[in-house]
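I have placed the structure first, in the form of structure tokens, so that the comments after it can refer back to it.
Naming follows writing order (A, B, C and D), and every chain is counted from residue 1.
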């Protein structure tokens, strides 16, 4: 049960971090990111490492925040994926033991 | 055997989802994606996270569908890769036990 | 020993596949990829999923070959990475057993 | 303890390699990368495989260094991620044994 609560906390924290980043980049570079929604589109294409390049920070503060976002954001996705793989192999093992 | 059928189902579902997405994005933004084939090219470069940016949604509905596509589509690829790794380590273990 | 030979074969096959793809895309779209070197640059930025988009196929045959390249090429990288992780955990386990 | 020192060494080596690459690409293509900071932005968006394409090498020496950077740089990230997964499953196993 403790694991489930931690995963839920992590997902909520990640969601807040992504939405906040959308507002921060809109605030830092309002010309490149005219709405928070455009900022969110950039955040999501960045943390999934797609990186279309249709929107990208052009100033030093924007680039610094961008690097912070993707280094931290990719790490978060890594931890979440690690937890999914963890849970998957856990249930798999339980199932196999049940069959033995 | 049950695992093999599930993997086949998953692959068919993924293929249908990708082809359907090509038609949906062509319908949502016919100017950016003039043919379903261009839509499919965008879908495939997106779910593999290559993201050339030669074609990308420009409107709010297109971007919303784009986010739905890659969050769901990358997850599907993750599950498929997980199954491949799973199968690979399973056969590896079987082979090693056979040799012992 | 058998594993090492297979990995070597796989690496040689992958290298040939990448170089060949550079010539094929240069042949299919000589205007977009004026030299085989530019083709190779596109192949490498594609199979690593970086996808700058500075060069990308513009015609149906080029896009079809592009999809073939990255679906097959990313799979190859997945298998190679799987083998590296495999070898890594193998040596790790051997080392730990040696210490016990 | 030996593992921790090696990980620290690896992280320092990786950081130096990334910063050095920023200066090298600025030196090789000063027109495309007018400052080492722009070079660093390109290095970081490249090794994370985001690849916006807002900055990319345009000359043969720049492209050759680019390929060297991402083939080597992505490998480094792979080893670091491997170590994180390794450590994560190690502590997990320790915790589970402690509970048994």
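Odds and ends about this structure:
The rule we apply is simple: a residue touches a chain if its C-beta (ideal position, glycine included) is under 8 Å from a C-beta of that chain, and two chains touch if they have at least 3 such contacts.
Just so you know, these numbers come straight off a predicted model, no measurement behind them.
The chain pair with more C-beta contacts between its two chains, of C-D and B-D, is C-D.
A separation of 27 Å divides the Cα centre of subunit B from that of subunit D. Here the spacing of subunit C and subunit D, counted between their Cα centres, is 19 Å.
Among the residues of subunit A, those touching two or more other chains are numbered 49-53. Judged by the touch criterion defined above, the protein chains are all mutually in contact, each touching every other. Looking at the complex, you find that subunit D touches subunit B at residues 49, 51-53. Of all residues in subunit A, those touching subunit D in their complex are 46, 49-53, 56, 58, 60, 63, 66-67, 70-71, 74, 78, 82, 86.
Of all residues in subunit D, those touching subunit A in their complex are 37, 41, 44-45, 48-54, 81, 84-85, 88, 92.
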